[in-house]
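Take a look at the structure below.
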Amino acid sequence: MSEKEVILSIRDLYVNFYTYAGVVRAINGVDLDIYKGEVFGLVGETGCGKSVTSRAITRLITPPGRIEKGEIFYKRNSEVIDLLKIPDEEIRKIRGDEISYIFQDPTSSLDPLYTSGFQIAETMVVHDKAEWNEAWKKAVELLKETLIPDPESRVKNYPHELSGGMRQRVVISIALSNDPKILIADEPTTNVDVTVQAELMDLLKELQRKKGTTIILITHHMGLIAELTERVGVMYAGNLVEIAKVEELFENPLHPYTQGLMAAVPNPLQKIERLIPIKGSVPNLIYPPPGCRFHPRCPKAMPICKEKRPPRIEVSPGHFVECWLYVSEEEWEGKNNE
Amino acid sequence: MAGMGRYLVRRAITFIPTVFGVLFITFTIAFLMPADPARVWAGGQKASPQVVEKIRKMYHLDEPFWAQFYYFTRAILTNSIYSPVTHNLVSEEFMRRIPITLNLAIMAMFMIVAMGIPMGIVAALKKDTAVDNAVRILALIGYSTPSFWIAFIFMWVFYNELGWMTLVGLPRPSEMITGIYILDALLLGEWKIFIEINRRLLLPAFILAFILVGGLARYVRNTMLDVLSADFILFAQAKGLPPFRLWRHALKNSLIPVVTVVFFMFGGLLSGAIITETVFGIPGLGVLYFAAISNLDIPVIVLSTLYAGLIVVIISLIVDILYALIDPRVRL
Amino acid sequence: MGILWIKFSKKLDLITDKFVELYARFRELISPGWSDKNQSRIDELKLMLRAFNRSPLGVVGFILIALFFFLGIFGPWIAPEPYWGLFRYPRNMPPGWEGHIFGTDHYGRDLLSIMLWGARVSLVIGLLVVALGVPLGIILGLIAAYYGGVIDEIIMRIVDIFYAFPALMLAIAMAAVLPTTISKFLFSVPALEGFFTVLFGIRLYDSGNLGPMLAVILAMVIVWWPGYTRMIRAVALSEKEKVYVEAAKALGLSDFQIMFKHILPNLSSILLVMITIDLGSIIILEAALSFLGLGAQPPIAEIGRIVSDGRQYWPDKWWLVIIPGTFLFIVGLGWNLLGDVLRDVLDPRTRRSIEFGLKEKPVELHDFIGLFGDLAILAGFVYMVVVPIDIPGAFLMTGPVLIAFLLWKGLDSHSLLRKVRVGKIVGLVIYVLSYFAITTYLAGDSFVAMLIILGGIILKMVKDELEGEVGGFE
């Protein structure tokens, strides 16, 4: 793994939401490396912190949310910068240019009062990539690239005049307009028709192959993960509990939560007789369970799980897991004394 | 813009029945008028039966509802309705008074918008702080204030105590350009007259503004908060838009509902300033209406109500057209 | 200030809790077993009142309105002098003159007494306008929303037409036009005449004034109902799309039952807020009408009329305007404060500014805890799970408990809550799926969402309901 170049690395990230019901500890110490040119998948149940993690990368956390601590190193050409430390104006320039997003709901992502062409062109203009005239022409090309029929007239359409699938293509065009280094796709196909889903995914795959963009794909759709990604991170209740290559994750899931997840959803690589639900429910993140956050639902929970948070163990090269099961007795002692 | 044309046609089709409905209701009101108006107009109990009979014939008072309605509508269209009390053509009476009421309404609206919108934006940005609470309390006080009460208090402070205001006369600028005194005085550069008009009308306009400004501010605040929390603002941020562009998206989206409210407030001001006009003795439409009620001057009552209704209907037509211009979704 | 208020409001909590318990006991008297069945409703009510207590503005508004009700109801009895004692004293005497706190009015009567009589008139007119206008608005709004199509179009056109008139103008015209007709009708029904004289607290001798007074009321009803129709229609339209309406249709419930038993209750909180705020406006508009000389004539005491009688002496005899005017302002402010805070309390999106001092109740062994949400929220949860698990003492429990996670397909939170009400709430769990789940809930039914935000609901489930699924808990 080390021969690959790391483009983004998240270290010890904490994000809290200050709600009236209490402090929601949404992201609780996430560490993650993304390699240049790969497609990385992030899976987990709703509310586990996938989206929050991805938005924290460019500090798109709005009140009552707040990034508590952590570092996000981004390799820009040859220098490495910490995205959480640079000035607002700098991070603004990175957003939409070097790191861009596709959100879940194309309908609400687009401003209803502006034409799709304007919204695409605007993205280029604000990053000084083009003047308006040129940007409009480019917008047409981008729409052509995303396989929208009749792009010349579509640029003049308002979002409400487009179908859901087309809206998402416009959103994708916006995200791609400045040839980003990293594309973060947050459940890009959840809100579009099943038939369109496949087309959109093909489109993303094709673009990734052509331009070598790094893609972070967030989804709870295991099929997409298996089909598109190279490596996968599994999130549970604000923790990244397992990271592995996609084949390895499907064949040999280590964390009990991942194992449960594999049993609960149809696995595209295996034929299984019966789907088994994971017992219990997502924990309350205002009063998260102490120790390992999964222990109340874990079939293999041990006494230590209730007390201490498990360390991250590299079980095999590139396969990380945060679970006491894979910590040997001696190490236990060591970790306990820390 | 083909959609626009079709939209306007459709909007116009709903416009006509509404106007007719307004007309019908105003006429029904008049028809229900209890006292024998002919007798009142002829001079009360002492009136000679012949005169009463003549008036009755003239205004078709002895005919059934539908016939009266027909005559009434015809008279409106041919502009031949006279007030039986003042013997003036009612429409002329209106034209004399409309500039004054319009003047008052414009001044009040100017103050409401100039204060309300910035206050609302600030309250939205400083949500849940003392500023936000102050705007909230101001709005609640505005809703709860009886206009006659506040009018008397302000009159005492600014007229009796400070002497800044005057309660009589309303000077006209030497020429009529727009027909609205204060604007004409400004355009002609007649400062003395401009100041005099302000001395006469600023206080009543301020009272009208005082009652409504908090409401507008709070409305702007809530709209802004809704828009700012919308997904497309976050996505625009994710696109890397600079702050001024984000504001453009946010403001344009907040604009639509706010424009509606501002226009309807203006419509309300044009016709609803009856109390303020009465208290300050401003010879506008409100005073005309009030006098008509006391004199049972049915033609004036009906036409005033009708005009007020028409103003609102026309305003809502304008608002809808504006909507269609700003918001592409309406033009379907 | 803040901390002091919280301390104070905790004392208020004790009072409001007592009040709710009293109410429960009263219901218990009427129908034994009521409070057992409705324990959840009782707890809801307590919590809502506690949330209300956290807001000083709301408490002030409530006190003002309570005072207004007190004066409105008992005013005529407290008043030292009757309103019909004209010219008993010199006219327009200043406050404090010979022991008359507010002085005397234009007709040489004790101003304090007149105000007390006037408060009754104000209160009754306000309540009558609401009692007549709101049901009309609701019925038409529900019909328009539920049936749609041509019926909707016709109703909404009529609403548009009424909306076209400025409220004050239409009210003036109606109030000027209607009195004779109403008087005629009233005199033909003596019982009704008697009823209204008692209601307004006037002498039968003055019943000639009932016509103008009822005309003012009818005029305001005509002005007010379209607002309710519009609002109810808008909310009902979105409510109609919810699953439970479809479910009710599938179950063969009649349109009437669906509209009034299922849609309407979900609009109750929004209606309550609107009515409260409108009562302030109604009382002020009524005063404006009587200021212009409409409605009851002297000697009947009407607040707006006192102002208009006193205005000719302004500003030398200021009290004739200031005292009744301030009274109106305070009453109006009271209603507006109350309404504004109620909106905060009843709307989960704005409730965040109000803090709750919830005391968790320990849950005992073998209590059943139900936590619920709808499918959209738990999209990550692929399958229905009904399992007993062990929850650690981390957030509230004193011992091991059984939890049933219930996820009923096709049931929205409201109907689920109804099911829950059959059981018994023994406490509240602070249970939040995640921040995003909260926001999803917030978009939903406010009344229920409030409970969800507070936590899930702990309830004693009907046992066999669960036994079928998991083979029993014992």
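Going by the order they are written in, the chains are A, B and C; count residues from 1 in each one.
The rule is short, and it goes like this: a contact is a pair of C-beta atoms (placed from the backbone, for glycine too) under 8 Å apart; a residue touches a chain by one contact, two chains touch by 3 or more.
The shown structure was predicted, so the numbers you read here are calculated from the model rather than taken from an experiment.
When every chain is reduced to the mean of its C-alpha atoms, the one closest to the centre of the whole protein set is C. For chain C, the chain whose average C-alpha position is most distant is A. For this pair, chain A with chain B, the centres built from the Cα atoms lie 54 Å apart. Inter-chain spacing, taken between the CA centroids of chain A and chain C, is 46 Å.
Per-chain CA centroids place chain B at a distance of 31 Å from chain C. Each of the following residues of chain C touches two or more other chains: 353. Counting partners per residue, chain A has no residue that reaches two or more other chains. Put simply, chain B touches chain A in their complex at residues 230-232, 234-242, 245, 249, 252-253, 326-329, 332. Residues 14, 17-18, 21-22, 25-26, 29-30, 32-35, 128, 136-137, 140-141, 143-149, 152-153, 155-156, 160, 267-268, 271-272, 274-275, 278-279, 289-290, 293-294, 301, 304-305, 308-310, 312-313, 316 of chain B are the ones that touch chain C when the two sit in their complex.
Residues 55, 58, 60, 62, 92-97, 100-101, 103, 105, 108-115, 122-123, 126-127, 158, 160-161, 171, 174 of chain A touch chain B in their complex.
For chain C in complex with chain B, the residues that touch the partner chain are 57, 157-158, 160-170, 172-174, 176-181, 277, 280-281, 284, 287-288, 291-294, 304, 307-308, 311, 314-315, 318, 321-322, 325-326, 328-329, 332-333, 335-337, 340, 353.
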